[in-house]
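Both complexes below contain subunit A, partnered by subunit B and then by subunit C.
Let's look at the complex of A and B:
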């Protein structure tokens, strides 16, 4: 066997009338921080529930530490999970919540209080131990939930969109905290999220799912720059997809003719392309210039401004290029000098090496 | 100013009305309580002076003592069994989907809707065939049938606030399903369990008709009161009435204390 700590082996889950997870395979290394991503209903949360034993797979197997989890009920797995709803026990105090898993392991009163208090101190909640859950803020509750999951010193921690209930400011702070905990503990984290920002900030590797199947796994920046297919390119957001037919090869490049023009694209992802292909150009790789009088240059399209979206100092400008929408992402200072009133025409240029040829779908 | 004046007047009117209604309801009970301490044999005005003799007579009457003991046993038995059954029924309703669930719910909810005289006669006919007629257990069984409906309603209401994630979270943290029931579900329902315990006890303690039908020679307190009344006008009745009133009010007050507190408050006060 490989050095995988967790193995999903043709893992399959069918509900009545819904095939949630379609025979996925995945190896997770010990100590890895994995983010399961995808749109809602893609099967990421189901996969996490299967890992925790809260649902029974209808096919395939899960191995943790080389041991098959088949037939092992949730309460014997030691795969603690941080819930989106936190699922703290409202009738127990903070420290009693953290003690709960130790109590279930029949650890003595004094010992379990000591260990729970250690974790509360570690997460800065030492003075809150005797409080009720309802007296805590959102961020404090989050920490209690994390402490409760880690107090048994598990070798894996599951997190199901744990930060989605927090406001943006708190979310970033909790991300830092989770990242720090992961480094200190060196255990495996499996993190389900639909938020790209969280996955990018935290994960060593992301697993992008859609419709019950894994679309791509890899380092976040690789998945972002080199998407495996059109779905990944679109899910990653700031990508423009251009289609056309292969017109010829130039060394390692492919020439593509399409309704939007002629383009040159490096062919490193799929060297033998024929017929209809698509390539991706990231929104932040596009430069703008006033519509040129002389046409015909490669890797350029011309479009009209539709509108601008502001997110902090970053702006996304939407263009209409012969009926297709193009997105261009720029820093505020880069476009100060440009007149971006809707209807204005611009040339959208990019370097050939920044285009990414999508592997051809079957 | 006239606007202020008219709102003030209408407020005074509202309070007066509410006070009048409350007084109308409370007066008969107050009269009983007041005259139970009257030295006169017959309740007349003016008052004949303060006396505890009728209360003392109540405590010395062996039949009343037996009836009180019976009421206590029946009330306690009913409270325990109805709370357990009510919890089980509420949990099943919360946790599981199954065929005939509507019928199941109806079965639990319907006894209080049946006229007690019908219920009493039916119980009498049924229990006498089983040979259970005339026993304290028979009264308990009948009271449980009625009180379980209330117990289930109270506990089910509480379970409505029980997050669907809490049980799986407990399993995830190493609690077996049985351990989860006792360390998570029951503690969460504790306020409702206490409330339904006291409410069931109150329902049983006050119930007359069924106890009269199926109790035979085993009189509960309400049955004893009626039998006393039928014999003669006895000033002891006022004293019993006062005692029963106080106990019933206390039981309902305790029950209410636990149903009206919100989840958050209950959580922090119990921990």
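Let's look at the complex of A and C:
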């Protein structure tokens, strides 16, 4: 609590007929790059709007720099935001757009032009200053929006899916630029996105939301490999979820009996689990072998090929395992030798240490 | 052509016939726009350009014993331009139109803002309906209605007298004239501005607040600049409508003092002076064209022009 720069304290927001944010708690450290993630309608954008004061919370409080934001209108908050639609003023030139927040602060003409030009040059837009917004490319507009938000030297920057309108190539370049800016400025970035790739590339910590509640917070790779529940496991990647009952403990492992068979899973997350439990096995951790040959490896299910999906050089093979769908991810060269005609039977194996026991059963 | 194709049985059509159709289609891309544009062009030529040219030509003709005779004389132009009644009417009409434009904008801007931003969806639709209906109803009828309201024995004066005061001479002055003209201009101007306000990205308003703009100043810093062009359009439309209007001056002020439209009718009536009436008409058109060009110039988006080379 002590070193938290932003604190969400039982933050709650109800709209007519819709409970968007359900009393969430979150501490954000100064200088942290936080990604708020989740499916659409999960409350991430509402949380950002509450931070900026564009909506009033219906419960709880927001503290920024130790000061309660309750009752402070948006224009007094100094929580600039980069919008998905960018929201640049079409009736102002590039430099006038960047000057806008300074003009609102009644900073003199010469001073604000100087500071705006510094930012434009820093983002490589020095020669575009007098142009109209409509004459810029998508990436240039993005930069103007960022310059406009940072020109007042805020201590926090809010970003609402800022890159989702850009093409893939530009998105990666802007990610690099944002990352660089964050390092240079050392201020807090709160970044809303539904794209895992952006969150992974940028964030120190991700906050995964669903249905108005926080599901898990942590470093991206930790959340990816050690999801807290089935929702996180599903959202974060190609994971297969298997359920069963605890049949016994073996050292730090737990033995699980389920409809798909008997499995051994390390019990790092909940060493004393009993009763019904679930574990996940990432799709890229599964190996395939011919069903006919193999004997009784411990962590193994048998399934029929349903179909294959190609994404670049990576392929996802879908299996039917006793009515449950299993996904296996492989590189093209790894499966060249296999005959994956639909209906063919395969054994799906994995190392016990690659399975992750969910703290909450699915 | 599409009709023929649609009525053709899709499968049984002989291949040669289909090929023929295709050949005719592929030849058309260049000629198609011309063919489609032709009716519009013809319409404009017959009903706009030709009368206009004729109007200008007539200004150089002469009237002898109530009959038009082709001629080429600047007599009509000098007579009209140096006549005091014309000069007075021109000044008066300009004054009326400028005042009407100003009043229209003063009323229409807050009204359009309220309709677009302060009303619920339901009330907004209702308000827009009430704006559209008068545009399609007879202007004449609405002016008659005003006469009933404003006449010496009309509704307003009856109410005033019931309150024990003297009746007011409401009809027959600048006030009545402006009421009549605003009846014409306001619905159109408000509609133009409501459309412009509705077209503003609501994110811009939030972005302005997010960047430190007080809510009360959003109108000044975001909304007004956003509808700049529409404001010029609404203003020039109001000027155009009030400058050329004939009905309000006739019925609300009894043609006193005369506006240019009234003067045209008077000129024709007194001695069939079609050529002189045409001179006034051409001058009016020239003024309107100038006003529109000026509004266009002022409303031009400089941001796009600046680096658009």
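Everything below uses one rule, namely that the second predicted complex is superposed on the first by the 354 of 362 C-alpha atoms of A that agree within 3 Å, B and C clash if a C-alpha of one lies under 4 Å from a C-alpha of the other, contacts with A are read in each partner's own complex, and residues count from 1 in each chain.
Following the convention adopted for this analysis, contacts are C-beta pairs under 8 Å (C-beta built on N, C-alpha and C of every residue); 3 or more make two chains touch, one makes a residue touch a chain.
All values reported here derive from a predicted model rather than from experimental measurement.
S.K.: Superpose on subunit A as described above, then tell me if subunit B and subunit C fit or clash.
M.R.: After superposition on subunit A, subunit B vs subunit C: clash.
S.K.: Classify the contacts of A:74 with the two partner chains as first (subunit B alone), second (subunit C alone), both, or neither.
M.R.: Both: A:74 reaches subunit B and subunit C.
S.K.: Tell me which partner A:100 touches in the superposition: subunit B (first), subunit C (second), both or neither.
M.R.: Touch partners of A:100: subunit B and subunit C.
S.K.: Thinking of the overlay built on chain A, is A:218 touched by subunit B (first), by subunit C (second), by both, or by neither?
M.R.: neither
S.K.: Which partner chains sit in contact with A:83 here, subunit B, subunit C, both or neither? Use first/second/both/neither.
M.R.: both
S.K.: Going by the contact definition given at the top, which residues of subunit A touch subunit B in one complex and subunit C in the other?
M.R.: Common to the two interfaces on subunit A: residues 52, 54, 73-76, 78-81, 83, 85, 87, 89-93, 100-101, 104-105, 132-135, 148-149, 152.
S.K.: Hey, which residues of subunit A end up touching subunit B in the complex?
M.R.: For subunit A paired with subunit B, touching residues are 52-54, 73-76, 78-81, 83, 85, 87, 89-93, 96, 100-101, 103-105, 132-135, 148-149, 152.
S.K.: Note which residues of subunit B are touching subunit A in the complex, please.
M.R.: 163, 165-166, 168-177, 179, 183-184, 187-188, 190, 263-264, 266-268, 270-271
S.K.: List the residues on subunit A that touch subunit C in their complex, please.
M.R.: 52, 54, 73-76, 78-81, 83, 85, 87, 89-93, 100-101, 104-105, 130-135, 148-149, 152
S.K.: Which of the residues in subunit C come into contact with subunit A in the complex?
M.R.: Against subunit A, subunit C makes touches at 201, 203-204, 206-215, 217, 221-222, 225-226, 228, 301, 303-304, 306-308.
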